[in-house]
């Protein structure tokens, strides 16, 4: 155990910090769930990519820097601390990308990864369906092989597809064996959203922005080369993706460390410094964010030493989503009636509160995560 | 709505207060889960009975005062505020007694109620069995009618029978129809604990006291007259008892109001008065205890106006048990390392903490109560 | 000691609930929000006609002459329907502050909704639709007629509250009204309104949990959903008697009025926070959408929770009363 | 940056766990409690023999010369087995305070267990079995040999801690030891011990939930039980890295040592409180009995949670470090 930064790590941190200080937009960009904001975020990501910061943990040949996850964590710390924009490329770079790197063919890697890293192609996820939410294994969207065996013909409907309104591609799982049920007979397929037969219907969120959408597939033809990880193996590929998502990449610790720092600043600015109750609550949150950071460093060290992230990644997802919600609830408590205003000086806290409410729901509800922990970590009997 | 005390109520309160001030033992009695303490508590209850305070809401002819539940609540307030001993007669006077008054025969009322009110006969409850805890309907203890139809012959085992170690009688439900299952075919039967074939095995609690016991029935003969509420109606009779228990009589609000007052005194004595966190926590508890008192007054007014207490009584049980535990956790937090000592000046708080831990378990676990609320109050679908 | 409502009180409230269920559906509420009006004049007239708005206006002014106990269930019903516009301000504060003045009839007939900015609010709700605004000046209560608002549009979280900034709060008419009483009235009416909102949110979540199926059964059959909702119900139901008691303390001007009102608002705010959170979680992603009706009720709750003093503000006021001031 | 243990460290801990699982069963622990000895000399010798007690004793004194990172997993394992007697005090405080003195060999060979009363404790744990007591005098650390105890029996909640009152804490030998360092060592070792206890309580509850059947299935199949235990596990598992990190900060005497130790103890105490509460609830009535092993672990936790500073004490120390002193 050595918790000091190595000279290499410190140098990398300094380099990242310097670049970000010089390049991060001085004004916050509009939400990437608006047309204008999406375009501006795409521009920002292109700039990141040009400078080699878009996907630092990816292999160099696909647009990354080939760095290990520890350095990635350091980059994330600097990234969030610098006030840089949220990553519109999240679904691609942190979710699909690592899956392609793990199970994709060489052709797929070359075809998809650089365009993903540069945000020339922004990805939407398309997991859920109207009747397959928490119960994701009940997927009904179908993929049928064309007579000549060269294409998938997709039919069905996906929902809660984040970024789908302005994205270029989506990935999801489809039932390719019509005789199958539950986790079997599913295939992971990549679909360009401009393919004929694809209809995207934006869904307005609580705040009115369209951060997600329904995607309708009506005889959509895509090449079989768009299959990721093998026909019938869709569930396993999706679970690998989701496991990595919850375990490490979806929410790196830095954004919570930064959120707590901002909460402390807000408290100093408008709160009562002698209020023990708020002081204790803020301290608890600081410890949670710090605990999450430490937990992630332990996980990443384990990965670097050849270990794997298993079902215990479900612990992470519950932890950060509840911590984030609590941080925003406290901020709103500090703001009092000011929090009623959606477009004022504290807009980011109010927006953040609404977004934090989705944390216990997306990427598998916390109820589903608790079941997973109970079943696979605590080895309790299945119902 | 009129929340003032009527002259009649005020006079009754004054009378109770005066009697208690003159008669409550100045030193706390030993725990009634010890032989010595049980005897002393029985003496105290006899004294209460002589003065007409043992069961104020019962009809006069059975040893009560025939007062309404509002006056009973007032008596309870004065009783707990006076520092009077806990009621060793609890199972009888507040649980079985009201059930006998409701469904018992005239003979049963005359036979059992006065002896119960005077604590000549102290009652144990005998609901649970080793395989029928939360799942109480899976009761297996059997009652078989003797050939001449005059006696029940009881066989089986009950567990967690509170007060059974030193009590005189117990009540419980037995499967009297061997063909039946679940809630059917059960009969509510009253059993003298000195009947041949009854064996009581004390069970030591966390604190070492034997507040409950196992009761083994080995060809125990009791007269069929000991049936309460009709053969095969045991489940309904038991549920009526349990409903009343949770809804009103098991934990009248005053003991929590008094516990919070004592917590405030403890805080004033040893805590930091400027600690907002403790101040807020104590205030929350005060509001909870006050809220429970108000809730009970609403329920009792409803009863007096001809209403009934339904499944919403499950709300009460969760509420007071969690409030009581929280109050004791806060007390232990104030005590710090002093709380490690079991026999010191703060013994009552440490004992109280251990006892409060049983609150979310006994009289139907809070998990079972939440199911009941969900199913019967919120009308959610059964699993 | 009698802790219940009269048949008249219960029937009036039931009548109001029936009317709102029939006439003021969630679709109509959504229309008010989406139109940007933050007010429904036709509904307002209907409420005036039923006597809801004038319950606390003295008979001498043409009102029903009721007290807060007569009124509390009505406000709860308005909350259950998330009725937009200055209902709390008009029914509780307007009725109290304007009694005996020339403005009282406008409360009764619904022609002049009243709003209030008594706590130094930066953004005043309903000032766009209420021609009368109660403001505080040096501890006294004054009435502004036709206040001048800033032109700036302020986006509030609740589409039924229409926030404005007042450009000038001087030059009002002094009223013979007790500022502390009015702020307590605002807190208490908000508490009752929140209670209604909480019940509605749990009802919406219950409907969804009965209807939505996953893993081959309605999600309401899962213990996780059952227990989440049971815990929320517990919090809401134990705020209820505190709110009703505070109405009695207000109506009878007892020495504990301030403490009781603060307890009511603290518990109602906490209950609504929990009800909103639980109802959303039961819904999952659909609850997070603009098209789901739940959002209309959650956002109203989030606006009212900090209004008229947060839970923490009121908890500290209870602490001062129960434990002595720090 | 490398946040993991070495193979040696992991294997030593695994060896200790194996030994304790085989030799120090819950039945043997119960026997120690019920005998009133609050100590198990045979086990103590075994721990000495394995080098557990002397891990932090310098090699010059015949110890293994390890630091707190080498030791933390061992203390965790002792907690998992709820080993009675002054393990925390001897292994962490005795080893640090007595290094280079004539008493160090007695720590190594197990002949002189050490206990401590450095925070002005009214009741001193283990003083009946430990001939050496570390006490604080005017900010300095002194050693009492063969302390005189009050004859009065003090009943503690934990049958493995044997409380005494010391009659006289003067006349000790001054040691060249840092009081703040020792109290941090006590807090940190307690945190690791609590982590072990928490894991054990959850393991016991898991066994029961797999075994116990109600409503035709193991109770662990019910979501209410699953989620209760998952939430407790969450709290415990997120305290773990904080405890390991504090061991590193201690071993390297970093500027953040105090903050990190306090964070560790605060989270470990809260985690143990939750684990005990949840494990008991999973058991129901059986968990409330003397005969159920769970009680041995819960009571040890309840004794250690306030020891060496409560969660609140340590939370405030973190606050001072992170937010500045009030």
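Read from first to last, the chains carry the letters A, B, C and D; within each, the first residue is number 1.
Assume contacts are C-beta pairs under 8 Å (C-beta built on N, C-alpha and C of every residue); 3 or more make two chains touch, one makes a residue touch a chain.
Remember, it's a predicted structure, so these values are computed and weren't measured experimentally.
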Selected interface, B-C versus A-C, where C-beta contact pairs are more numerous: B-C
Most distant chain from chain C by Cα centroid: D
Rounded Å distance between chain B and chain D, as computed from the means of their C-alpha atoms: 39
Whole-Å separation of chain centres (CA-atom averages), chain A against chain B: 53
Residue list for chain C, restricted to those that touch at least two other chains: 222-225, 227, 312
Multi-partner residues of chain B (at least 2 other chains): 277, 280, 367, 370
In the complex, chain C residues that touch chain B: 1-6, 69, 202, 206, 209-210, 217-218, 220-223, 225-227, 229-231, 233-234, 237-242, 244-245, 247-249, 263, 266-267, 312, 315-316, 318-319, 322-323, 326
List of chain A residues in touch with chain D within their complex: 1-6, 9, 70, 264, 273-274, 279-280, 282-284, 286-288, 290-292, 294-295, 297-298, 300-302, 305, 312, 315, 318-319, 367, 369-371, 373-375, 377-383
Chain D-touching residues of chain B, taken from the complex the two chains share: 128, 131, 133-135, 138, 159-160, 203-206, 208, 212, 277, 329, 332-333, 335-344, 350, 357-358, 360-362, 365-367, 370
Sites on chain D touched by chain C in the complex: 222-224, 227
Chain B-touching residues of chain A, taken from the complex the two chains share: 275-277, 280
